[in-house]
Structures are given as C-alpha cells and as structure tokens.
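Two complexes are shown next, each including chain A; its partner changes from chain B in the first to chain C in the second.
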Partner chain A sequence: MNPVTRKSTRHVNQNEGLIFEKSSPGKAAWRLPQSDVPEVDAGKLLGSAERKTLGSMPEVSEIEIIRHFTRLSTWNYAIDLGMYPLGSCTMKYNPRVNEVVARLEGLANGHPYLPESIAQGALRIMKSLSDCLIEITGMDAITLQPAAGAHGELTGLLMVRAFHESKGSPRKKILIPDSAHGTNPATAATAGYAVENLKSNTAGMVDVAALTSQMNEDVAALMLTNPNTLGVFEQDIHKIADLMHAKGGLLYMDGANMNALVGKVRPGDFGVDVMHLNLHKTFSTPHGGGGPGSGPVAVKRTLEPYLPTPVLKENPDSTLAFDYDRPQSVGRVRAFYGNFGMFVRALAYIMANGPDGLRQTTEDAVLNANYIRKGLDGTYDLPYKTPTMHEVVFSDKLQAKKGVRTMDIAKRLIDYGFHPYTTAFPLIVPGALMIEPTESESIEELDLFVEAMRSIAREVDEDPQTVLQAPHTTRVSRLDETAAARKPNLRWKPAAS
Partner chain B sequence: MRYLPKSPADRQSMLKAIGVQSIDDLFSPIPAEYRLKRDLKVPRQMAESEILDWFRERSRENGEGYATFLGAGAYSHYRPVIIDSLISRGEFLTAYTPYQAEISQGTLQSIFEFQSMICELTGMEVANASMYDGSTAAAEAVMMAVRLTGRRSVVAARTVHPEYREVLATYAFHQGMPLSEARFTGNGRVDLEALERSLTPDTACVLIQSPNFFGTIEDVNAVAELAHKHGALLVVAVAEALSLGIVVPPSQADVIAMEAQSFGVPLGFGGPYCGVIATREQYVRQMPGRLVGQNTDKTGKRGFVLNLATPEQHVRREKATSNICTNQALIALIVNIFMTIYGKTGLMELAKLNLAKADYGVRELGKLGKVLFSGAPRFNEFVIETEEDPATINTRLLEQKIVGGLPLRKFYPELGNAALWCCTETTSRKAIDSAASAIKQHGRREEVRDMEKVAL
Partner chain C sequence: MKYPTEFKYTKEHEWIRVDGNNATIGITYHAQESLGDIVFVELPRTGTEISKGKPFGTVESVKAVSDLYSPASGTVTETNEELTTAPESVNKDAHSAWLIKITLKDPSEVQSLLSAHDYEQFVAEEH
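After this line comes the complex of A and B, so read on.
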C-alpha cells in the first residue's frame, strides 16, 4: 500500500451510539417557561383523543445532545474540510454571511401569512432575487416556488403542458438526450409525458440529424442540460432551438450546470424557453447533507401566464404584493412561496459577487476543470475529446483492465482526503469519473487532487487490491447495500423486555 | 472577489499549464454571437457589512417585534439555542447527500434516528428521510395510494389546508386523477355521510388532515373505517406536528403525510420546512424519497446507508416512483435535534401548554364573538366568528404590534366573518387580552356613535 499523500492523516474520532441508547427516565434537556394561563385537564378537553404516552422517545440532557451530534458531525466529510469534486452537483463554498442574514429576526421569524403591509422586507428580497435571476438567465419572468431542482423541472414541464394545451393539445412526448441526469426522465413521466431518448453524437453533443428526424408535432419539448453532463457546451444550440420551434416545440434547459455560464452567456439569448436553476448549486446555498434546495423556474414571455400562483407584482405605489388572480396558471406546486430562506442566501451571494465577481467565478470554475483535465488526461481515459467547460468526464477503461472500476477509485480517493467524484452518470460513458471542482478550489488543493488521482492509478497497476478494498481509513468500511435492500432495518426499536 | 482562492499569478500559471493564451480560449465553444459582452445588471459587489445592513433593513420591514396569532400550517414555537449551534457545524451544513456512506455516517445516523422518532410519534412502522414540505408530502402520499391501489380518483376533505389541496389539485390535474371534495359539518369535522357518498370503486384514497385546518381533531377512526370499507386507503396529513405530543396519532391511516416545521424550524416566511411520509412496512417500496437503513460493514461494525435506492431516478429514470431528488436533510436534522431535546416528557408538556394557551384564548376571544366548531376537540387553533370584518379588527391590532387571526373568507367564503386564531407557548396572556379588547372596541365605537346621535 502506498503511503497516502500530503493531504490526509488519521485522527481519533469517537464512538457514539444511538441517542435512544443514552436515554433514561427523568433526564431532560428542556424546561418550559412559567405558564401565565390556567392549567387545563387534557383528558377533559380531548376526551378519547388524548394521548397517554410517547412510547420510547428519548430522555437525555443537553450536554449529551451536544456531544452526540458533535461526535456524529465529525464522521462526515464536508466542503469546509476539502474539495468535493462531484460532477453536476456544484459543491462550492457556502458563505457564512448568508447564514447570518437568513437568521435575522424578521426574516427567520416572519410568518408566511403576515399582512403584506408588514411583509415588504420579504417581498423585496423575493423581487430583488427574481430580478437578478431573470437578468442572469436572460429570461422574462420567474417563479421561486419550487422547492428543489427536480421540483422545478416538474413545474417547468407542467407549464410546457399548459402552453400546448392552450394551443389545443398537450402533445405526447418529451425528448431527452441519453446523457441527461435521471431526474429528467422521472420528471417527464410525473408530468404525464412519454420519454423518448435522443442519442448523442461522437462529440458527446445532441445529434442534430437525429433530432431532425425525431422532432415532430407529438413532441412537447426537448429537455437539455447545457453544458451537458459531459461538461460540453452544445455548440449547435441555435439549430436545436430552431428545430424545436419550427415544429411548435419548446426548449427546456436543465440549469444544473449554470455555474459554467453565469455572466458569460445567457440561456434566454440562445433560444431557451423555460429553465430551472438550482440555488443550492450555482448560488451557494448549503447542501446540508441533502437539502433544502430551491429550484426557481425562469420562462420567456409566452409562458408567463402559466407560472404557479401566486406571482409577485408591484403596486402603483411601488410596494409589493402577491397576485393570486392568474386564471391560466398551472396552479400551486407548494404551500406558501417556496424555500424563502434559500432566497435570502442566494441573494446575499449575488450581492457579495456583483457582476464582476459572478463572471470571475464562472471563469475560475472553467479554469479549474480544465486544469484537472490537463493533469489527468493520459492517466485516465478521456472518452470525448471535445473541449469541456466546468466539468470533465473520464472513464475507468484503463483501470478496468486490472479489475478496478470507477467506484473503487472513488472509494480510494476517500483515503487521500477527498470526497469521491460522481460515478452514477452520464450513462453514455461506461465507468464514468465525472469531476467538477467548482471555483472554490485553490491551485494547491487542485494539485493535491491530481496527485491523489495519479497515485491511485499507480496503485491500480502495482497493487490493485488496495484500491479494491478501499476505503481503509474510515470509521466503517463498505456497507452491503444489496443486503440492506433485501432486509431493510429502517428504525430503532426498543429491545423486547 | 473574496470567495475565490486565486491570485492573478495563479490564474496565469494555470492557463499556461493548460496550454491556452487566455481565459477566453476556454469559452470558445460558446458561439460568439451569444457571448455576453457587457456586465450583468445586478447589484455591484458589496462588502459583508453592506450586505448585513441591507438585509437588516429588510428584516425591520418584515414584522419584526410583532406578536402573532397566525398558525394555519406554519407555527410559532420556541427554538432551543443548541439547534443552531449544532446545525451550523460545517460538517452538517456543507455536506452533500450521503451517497458515500463511509464518510457520511454522521448525517446517516442522524436520519436513522429521525425516522425512528417519527415512527414513534406517528404510530407508523416506517418513515422516510424527509420530503419538501407538508403540502408536497400530502400530494406524494396520495400518488403513492394511487400506485398501491391501482385506482385513480381521490377524495379530499375540505378541512385539509387549502394550499395543500391546491398543490394536490395541480398534481392530480396533470396526472388525470379525478379529485373531489368532501364538505364539513357544524362541528368542523369532515361530513362522514358526504364522504361516503363520494366514495366509488375507483377511489384510491381519502385525504384528511388532523388536527384539520380549523384546529379540530378529526374522527380518524370513523373515516378510516369508511375508507377501508370501500377498499380505499386513508392518507392523513398532520400540519401541526406538536399535536402528536398530546393527541392520539392517526395510526389507523395507511399513510401519514406530515409537516414537521413546528419542531424547531424557523417560520422563515414559509420555508424551507420539513415534510415527512410515514406508512406501514408493507407499503415501503412505493414510498417516495430517501430512506436510511442500519447495516453492518465487513468487520461487523454497525453502520448506516441509504436504503432501497432502486426507486431513485438515476437508476430507474422514467420508471422511478417519484422525481424527488434533493430533500430537506438539514431541516430534518433540526427536527431531529428538537425531538431529542424535548423527548418523551417534554413534547407532552409542551403540547399541554399549547392546549392551555389555546383554551384561554378561546375563552377570552369567544366572549366577543361566536366560537365555531365547538362540538369537537381541538389542539392549538380555533375559529371565531365576529360581527365585524376580521380584517378591520386586524388593522386595529396592527397598531398595537399584534397580528390577529387569519381571516378565512379568502379560503372559505361560506364562513363569512370568521378568522382562524392560533395560540402556542409563545403567545402571552397579555397579547390574548389585548386582542380581546381590540375586538371589543368595535362595540364601544358603536356605543360612542349612538351616544353622539342622542346628543344631537
């Protein structure tokens, strides 16, 4: 086994059981304030609806809770610890001022049904963010309501559907390139559409000839990620848009990879009709171990009538209000107005950057990805030689000869102090290593990553078992996911007494 | 730009290493005619202090310092301070979805504990790792019932949160699922006879909420019997999670769709919140969203891992059970910490205190108007019908920095001058008394006017 390189070293991390295992009757981490109203008899008020016990809910003290969750936290990898090269996930730095402003009293404690006269602060934040996102995307109107990217996709497709219905028929199919993220086909199905696969050409881009033959009056829209999941900008984007529009179809853009474009090019300018953004990717809101996200959907003027209700409007006196009178709207996709706390953070990020910072961010993201590409080309197989933007996709073709697959390399990367890259897609690259460094990495961190990847490639040649058995330095080794799926244990239960 | 860890010299040396002249070369794949040749029209780059100032100003314009009687699916509860200390740890805040189990055990174990406590509180056998919010959880639970029964239509009680019903209508309409509504009776509960009439052999499920939008606890037993008699499933939405501390959980339900915002999640003008779906073990494979399971590694050590990952979209694509990908992990962590803090005895005592506050509120405010739906038990919300338009009462209350109950006319025109009031442990007796005297002022003004008439 090679000595692991400069970045990582072992350290003690402490064992910690389940919180239930620390519980014993009479311990408590709470105290209620003295009541200023008369006590009540719950049995009298609730009758048979009164609950008598909360079963085996835990009873622990405050210090135990602090230690419990602090110990658990040390078992996680996080951006704050190092690079997260997950392709198409845009794991960038989460600025701390965002967290501070989101916790300001009026913003954190504002009830969603506050009268609009005393909710102007929240409405102004939503309006300012909307204006910024419309400008960044080059679109005409926006909804902030969807709670995440996939929810935004659904909202966008419902609007596509409503648009076509207004012309007489919702149409039947959505075209999706074979390089797309899996949520695209899942969303199309949820919106009631059949999915038709669109093959990529040898450069990893949409095959315009295939699109020409597959595009007809049954196709409602093409769902395109641009740059696509190979990191390749669809150079024929104008032809693609024209082909769609000529047959009455719409061009949907999945904005997952918007971090390659902000300040450099606007989807609205290259023919996109509707697109979603991921505030938890491009706009730096924290991923939080899997959410909350936020997935605003921006549209061209033609789709504006179909935006979910309510829509923000400006009163003649320049105060802001919600407009609920939207007869052509697709309806509501979520209660209230969306993940407002994420709007606050995203707007703070845009303000911290300004136009120059946003452009520099995009440039650095593309610079970083190309630096890695250059550093690893040859060590790993690069199936598509087409120039790439903010991410790069290698394959495990060279390492597979030794029986080592992308997931093994990814797991070995953990021992070098990095989070793995994306392995699950794009499906058009068997054994994909999909790497997106984002702009948040310094040249030193990038060099460490390249060095780690090259070292692993050497290990594959000299000592493949080390890679196949990885990781070696974590609390737990690989867990058997298939056994877990066969006989799932999804909750703690008290031992039978 | 202060978030970017590069010097100009770094950038130059990287360009050189890549073998290009300038950064523009890396953007050459973008056709020149589309490249933006100007600055984006967004606010100029600001210092941290300027950003803070701007948002402080917005915060002041947003109900700062107001006491509120608003509930209706978003509840004001005290948030113990250790919640924010713990969730601010970068290892939780800035971690990705725990697909790589070996370096995500913190998030995974925490979700496992969350699932376990949700099961304990709801009386269900399995719970998922969270959904976007209560409204989307309810819609997803209904779609789950459609998949489970192979039937297409849905009956929703009119006492379900109106915005939850709107979300369901959006999903149902585009899926071509017939959706009907069952009215309520004078006790504020769903009308069982009307409900039975709307059940057909095609009804996949009945959706109710308990406590419902009026704060009234539904007769879940009776509704469950009806639904099951007709081969339909029962989906129960719980919007006020704290009610589970003192109200028997709706465990006769087949699926529970919950909003856990009450458990330590800031009101935050409506989000992010934390939806959850809980159900019976036999239905787990049709449950959307992520699930964490306990397992062992090759040395026999306990570990946790994302389970039943096959429904997820990157594997199943268009055949996935749902398109949900990102959920609300950090908010689920808040909920988990809150449930741990209050635990077995605290949640019950806290719920009891809510019951007491609402009881005081309904007595005091009830003297000045008509308490609707008093024939059934309630948790911490109640409906008061006044002679005067509640919007006018609220305008008077705003002068005292109090936000009164939610006027119901917008959602329930049939209820006229009724408003939905909520009292939690954060509602002071003083605020309740002030609200009562504001309602009373109407009467006094009338008296004054009458006396003026006499004097003339």
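After this line comes the complex of A and C, so read on.
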C-alpha cells in the first residue's frame, strides 16, 4: 500500500430524492385567510389560455422544502471548502470584507431608479472602480455594463464594428488563435464577422509569420488572450499589435487571464485597443453559481465614442451624472448600469489590497502555478516547455498508455477532496489537464494537491481500474455523460398507478 | 487504423468519396477519436450551397463543438438522417457513417486534397 493523502469534505452521507418523490396529496407549505374580495372568473379573462390544473406539482410542507434544499446545498463543492484549480476560471477566494461592504444598508438597498442627486455615493463607487480599472489596464475609458466575460467580448466587438463602420466598412473577419477560449469565435460570429483561425507556433504562442500572411484590410481585429490559455505570455505582443495597426486592424484582448498581469504589465501599454475584464475572476467577486458575473470593457481613446450608453461623467461641480447624449454609441447592452453589487465587491478588493497588495497577488498566483508545474513535471507530460504564468497545462500522454485519460484523473481527484482541474482544454493540447491554483492557496494546500496528483499517477501504473471507475467516495459514482447528452431525461413523471 | 484509399482527406479531418459529379462527405476515424463520444450532428438542409474550406455544419461531442469544413464546393443533395437519432454511428464506423452527399461544382477541386497515405502521415506528425 502506498501512503495516500486523503482529504475528505463529505459531511452528510444521506442521499436525497427529488422533491416530487416527497409529495403526498393535500400537504401544503401555506395557508391563506378566506378571500374578502370578489372572486375573479379567470376563464372569462384568459379564455383558452386558462390553466385548469397545476399538473403534478409537489405537495410538501415548509420544513420538507427547507430540508430538501438545505441538504442539497451541503453537497456543493466551493472555494470555501478547498482548492478549486479549474484552469482559466481563476477560482480565487472571495474575501469576506467584500461581503461586509456590499451589505452596507445604503448600498444593499440602493435602487437604480434613485435620482442621481441622492445616488451620488453609488455613482462615486462606479467612478472610483472605473478609475482603478483604467489605471490597472492602461486604457483610456471603460464601461461597467456587460454582465460577464462573453457579454464583454460582444460589447467590445460591437465597438470594433462601429469603429470600422465609421471609416466606411465594418470589414469581414476576426482572427482568433487556435488556443482561444470558445467564447471568442462565438462572439465574433454573433457580431456578424467570419472567424479565421490562427495557428500557434511550437512554443504555444501566436505565429508572427502566420499572422503577417493572414493580416489584411478584411480583418477587423485579432482577439487575443494574454497570457494565453497555455498560461504563456505572448512575448511578441508589440510586434503583433504593430502588425494589426499597420493594416488598420484593432487588437482585442480577452482579459480572462488578467490575474497574471495586474500591477505588473498593462495591456494599454502593449498595444491593446479594447479588452474586457472579469470582475468575477481577477477581482474576487463570487463565481460559479454564486455570481452574477461582471465584464467591464476598457478601450483606448479612439473607441471611446462607441461606449454603451449611459456613460458616467463628472460635472464641473464634481458631482457625477449619466451622459445619455452619445450619438456614436453602440447603445445600451444591459438594463440599468450593470451588476452593481459586483462593482462594490471589486472596489473593496482593490482598495483592501492597494497597489502593492495587487502586485503581490499577481506574483503569488504565478508562483503557485509554477510550484505545481515543478511538482508534477515528469509525473505528467508537459507539452509546452515555455515558461508559464498563472496556470499550467499538462497532458495525459503518459497515463493514456494505460488507457487512463484526463477525465478519469479529474474524476479520481474528487476522491482526494479537490475540485477537478479543467479537462480537455485548450484544444491544442490533446488530453489537457489545465491547472490554475490562484494566489489564494497556501504551500500546505498546494503540497496536498501535488501529492494527490502523484498518488493518482501511481494508481494509474499499479491499478488503473481504481482511476477508471472513480469517483468512489461520492453519493453517485461515474455518471454516463454521453447517455445524458444523447438521450436527456429532463422530466419527472409520476409512476403509473 | 486503415484509411480507405478511395477517399480523399482534408487537414481538418474530413473525408470525401467522389463518384463522377457526386460526392459523399464524412469525418475521419481520427476526428471521431479525438472528439470522443459524439452527441449531436448539425447538418445543412438539402439544396444548400457549400464551399470548399468553409464550415457547413457542426459536430458536438461531450468535450467540444467543432465546425465541419467542406472538402469541396457544391450543392447538398442528401443528409444522413440516421445521425439525428444515432449520432454514435460516427464513433462506431466513421468511414461508413457519412454526413452529407453533394453534387460537385468542380470535380477537379478534389485533386488537391490529401491521399490516404498523406493523411495518415499528417495525423502521425500532428501528435
């Protein structure tokens, strides 16, 4: 037997059926007083649209509802329970100070319909956050409206389109590296552009020669993630920006990996024209079920006229107001002003850390990823040897010889008490294991993770079935994802009586 | 894996079998293997014009959604209806589970595609 470091997060062993299965006729979680208003004839009002029965809705008592959902909630894996190394997602700790500030009465009870004159505090928070994000990115102007990353991408590309249209033609294509997040091509297509794939070179970076031959006056922009999804910083970024600008194209940066740059390098200084940020990644707002997200888009001066309306402006008397008079704007992209609660949390995070704290955060995120890289290099295949930043991508090449693939290793990791890493992405690495620890983890937690991954590699050598059939410690074992996708069964039906 | 020598292949991992002015198109064994279990195939309607090198549909597996690139230009005459209910046929036998049939716009277009031997070598080099 090998010594195995186990970490258990299970605290409730009871399985839980569907709430429909708890139903029994006549039970209810409510009781209403007798009606003292005249009865309304719904049939007369709604005609054939009237619903005569509710179908088979569960009939349960209040405590049964509470217990059902409370039990389910204890099954969640969360960053508050342990490391969540989901690559590309930056699942960092959500500091409690953010929550304290967001719950201050004036902020929690603020309403978007408040007149500007009595919402100055809320507007000041938006202005302060905008100023901080502009400083961090080195850009000139920003919108906080987009609701999350992909929404930010779309907002950014709509501005790119408006910019080119003002010069006579929207152009036809968006160049996207083969290592990009899947949202990038989807965004380009939604914004009405054709997508052209850009191959990576052997170091995992943009192939400048390929870009030179593919760049022409039909290309509206290049969508680039920097550092890219391999965690590799695009070292030719200046050349790339110059190549784009020489032919009148723009450089869009997907800010998903901004956690590797904050306080160190500013996209605005390396030639980026437009970029989005993910407050729910880099700036510690809740993420993954706890959202909502927030995807501000920062731009250079040339794109400022196209920002969504309204734009925050400072009056001569230094009060703040929304400017709706923006004739070249792409229009509103979100109801009201965006996910305000996230602005409060992100600003709390930025101010609690300060410039030196944010720089330290970036350094720690890069250090942690490289600690894991060093700890697992050799145990797992490292397809690209280029130095990596905040995340590291291995492949399952060594384990595949025993028939064990990245998904199997990820499932086994659950038994060790960790959330799986990102599997099978980026697509340029067959059988990818994409690991991003973030700065939140201590060396002790990183050691547990490295030991768990090494232990799984030993199991693959000695007893691959243990890994192939994992997880073993969960309420349900390996789910048939293929059958679920091919023949989804989404409706509970009462048993025939 | 033996790649049928009567097919031509693309670097995007589609195969095409030409029969006079008509052709049948599918994805290769290697394509289905790297995609994993295929759960959905989206194909163009008959009558749709498709062009060489351009996407004509998508294939979705448990891992990813990928574009299908046409090996040649032409008009779609038939789509494989069986794939709507049984997308797994592509995993079972990628070289007989065809996706679409087309009439070729220019049969000579196919000549520049890879032979079975060249495709096999291309796949080996990619990994």
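Convention: the second predicted complex is superposed on the first by the 421 of 497 C-alpha atoms of A that agree within 3 Å, B and C clash if a C-alpha of one lies under 4 Å from a C-alpha of the other, contacts with A are read in each partner's own complex, and residues count from 1 in each chain.
The working rule: a residue touches a chain if its C-beta (ideal position, glycine included) is under 8 Å from a C-beta of that chain, and two chains touch if they have at least 3 such contacts.
Worth saying up front: this structure is predicted, and the values here are computed from it rather than measured.
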Touching partner for A:237 - first (chain B), second (chain C), both, neither: first
Partner chain(s) touched by A:322 [first = chain B, second = chain C, both, neither]: neither
Contacts of A:424 with chain B and chain C, given as first, second, both or neither: both
Touched partner set for A:182, first chain B, second chain C, both or neither: both
Chain B versus chain C as contact partner of A:360, first or second or both or neither: first
In the superposition, chain B vs chain C on chain A residues touched: B
Chain B versus chain C as contact partner of A:485, first or second or both or neither: both
Contacts on chain A seen with chain B and repeated with chain C across the two complexes: 182, 424-425, 481, 485
Residue ranges of chain C touching chain A (in the complex, touch as defined): 34, 36-37, 39-40, 60, 62-65, 87-88, 127
Chain C contact footprint on chain A (complex, rising order): 182, 423-425, 427, 430, 481-482, 485-486
